């Protein structure tokens, strides 16, 4: 029971709360969030030190999904690692495939036919749509909009997954790219379906934005929360939408155009506050740009082979050397570093995981905010544990 | 109570067709339980995404009474181990399982949860969650489609409906020697200690006909 | 106005709610056990072995136990044991066959690499996914008997792909037969030549026209060495 | 952008005491790298980051590589002893030498400002057992923070001056460095339905380890069938 100590006219309730706060002030509370926590996007764990509700220290703990991907990659063939890359960032199997294929192609000096390059762009942009849509849903879930935005996001996700499934045979684990091309040539019906999805996507984005972007609660929860300065972001190797939300113009599709990205017209949206709202908006804007790329790619895709006739599937032994290939994945820069010793297995197989590196600044962004904000800041980083821990 | 019921299931079905609804406490109890299985909101890896997809509009696990994903193990009936259990995560999974109230069930969803799956050669991957906790339904697939998860859930419901309230073949949770708590492994210098729970993990020896 | 964003969002939700009653595009649920989404042709779950004869699937497997898939399988979930003897395949060629062919579905990650590397079109991806089971040790390892499925089943689940494969196999078979015929002819010619040589070294030319009559009797022989 | 040779020459001019070696990549990618000596690595890294021509402000990837000790039998075919006046003969000379093992940290540097890269730098430890310290580059590029922790965890390279060097992926009690090539996996093998040869071998080894008394005689025989 809290009773006001003196006359009811004096504004004392606040003073009393203040006194209670002061009595507890300085007693830090250490909370372990995760690895089983509904809002940590899997098995991520944060050791949070709280002063009241304010985060004064935050140490991420990794490794709860450390599946030894790199060790397995060194023990299996080059081709054998391809299905494992699907399971890295399990939202974006197509871009993971592409990054790996790109690195191996660099290592072996392989060419890719034009049609395959176009297909890769199409599939990568579909993946970007898929990933950003899901992220928007999960972010809102973290903000407390339980269920509804995620339902909308997953409804759209199913449409893209249907495309992936009818092309590659699996909803999530596509295993579609090969060194020197792609695996299956899409049918005209598939292209029609892809065009339909692409055409309808802006409508969904409008609907989604009407649902949530202007929402005052979302703005209050995200604007000014988790600010990240451009200098820190560059130093900490932040990539992807998180970096661009800080206003740094660095998108590998423009900066180091791999594949055929130089052929497409699109813009790179940049934020100016570097806060959680910017990170959300960057993704929405990127989706609109992705739709533009998709429209161009689906319009221009040439006929031809999808697989380089000189490429090998079995007994693939690139000569000794090393290569680092990277692409702009939906979460940031995903790279593969391969060292070949001339045998059928890579000597060193390393994945540069974007969301793992992006977590470097989690503590910096959370300090001074409340624990509830830490949840939404984590959501805006867009982590997938399969990739963080590998 | 005798082992052979006076009125068999066939009799009951026949009576139901004739318009006489005859039921037993057992049946009502199991019916109620099997149609409100509350899973733990617990995702591990790739399969968790398909589990979320199963709870979304397209597949709608709510039609099976299981849409209430509880964030707390104290309120959950079903542990869906959806994804790779690493050795670093295994103690936490066992702890969650221990915190769930009986009767509780476990579905191992996907190859990784069953046997370590494609990652089974990894040094940090637990080769199947059934080394530490008893699993009721195995859903192979990598990852299983959401429909496959729903099918697994229906299999679980079937299993629950067949459970007896009394007698010698009562389910695990009613057996007198049922350990409500399973030993939680600890982190060792090279591996989990112990690396398995021998009470529930009794694999057959690998055999090959010609080379014993 | 404060709150307009929320109201706008609620309007979207309301539109979807009402729409779900009359607009099929907004009603997305598949009533799974009763109603099934049509699986795309390319859908893959676990591998199966293609058999040419529907009445004797195990006896007519296309698999010749070359063990390429076993070696290439990334998680090593295939186990093959080659037979000791040979038996004729669909083309009448003497081939090894798998005495044991196991796929561990508790490990398989449906990556389709076994299908890609198979030079005989013997292993393909199945589409059955309702395989949840309470059994751990016995139900998840599929043996030769469970894996063998007739070609008609393959044609049913992957019609386009199966048609291509069938056409390719038929072409191969035809080419093989022609080659065998040619080889037989050549062998026969050689044999005839050899026979003719000691008798009359000068009369090799006349013996050559005789050879086309011979292959009929000798045709099955050459492939055994192949 | 400057070639690795140019960067090397500039570094050597700028840091007279340092050794900077060009490691040629024979592969198709042509990504050559610069091997730095650990003593000067930090200063060189700062220079690379702040140099107005390079401005390598972004460390994309930091990783470890394990090169265990190996015996190299070199068959130098090209040794051409010229007998006086005669045609040069090609004689195979076999030289055996033990290449000492070392651990390597590789950093891929890019410039976000200039959109160029990569410049790859490598650092090598003295050996794989006791001289495993390297200077941490986290003070130069924050991006290395977790990646160097990961290298420490999986390879066992100790980064001096790292702000928070702990295990990151494995648990703290863990003793090994599992990404090293000579890492022995724990024996948690009980059962695997596919009876491959190595499966049977491992099953046998596991049975022997689990019950030493009854299964003691069989391990004497060669396990490889």
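To keep things simple, chains are lettered A, B, C and D as they appear, and every chain counts its residues starting from 1.
In the analysis below, a contact is a pair of C-beta atoms (placed from the backbone, for glycine too) under 8 Å apart; a residue touches a chain by one contact, two chains touch by 3 or more.
None of these values were measured; they are calculated from a predicted model.
Relative to the whole-protein C-alpha centroid, the nearest chain centroid is that of A.
For chain C, the chain whose average C-alpha position is most distant is D.
Comparing the chain pairs B-C and A-C, the larger number of C-beta pairs in contact belongs to B-C. Chain centres here are Cα averages; for chain A and chain C they lie 37 Å apart.
Work out the mean CA point of chain C and of chain D, and you get 43 Å between them.
In chain D, the residues that reach two or more other chains under the touch definition are 169-171, 178, 191-193, 195. Shown for chain A are the residues that touch two or more other chains, namely 63, 66, 68, 71, 83-84, 87, 155, 158, 173, 389. Multi-chain contact residues of chain B (touching two or more other chains) are listed as 57-58, 88, 115, 118-121, 123-124, 142, 145, 203-204.
If you check the complex, the residues on chain B that touch chain A are 41-46, 48-50, 52-53, 56-58, 71, 83-84, 86, 88-89, 92, 96, 112, 118-119, 121-125, 142-143, 145.
Residue ranges on chain D touching chain A, taken from their complex, read 25-29, 31, 57-61, 63, 65, 106, 108, 112, 115, 117-118, 120, 141-147, 154, 167-171, 178-179.
Interface residues of chain D facing chain C in the complex, by the touch rule stated above, are 191-196. Within the complex, the chain A residues that touch chain D are 62-63, 66, 68, 70-71, 106-109, 232, 234-238, 248, 250, 255-256, 318-326, 333, 335, 337, 339-340, 347-348, 350, 352, 356-357, 359-361, 389.
Chain B meets chain D in the complex at residues 88, 115, 120, 123-124, 126-127, 131, 187-192, 195-196, 201, 203-208, 211.
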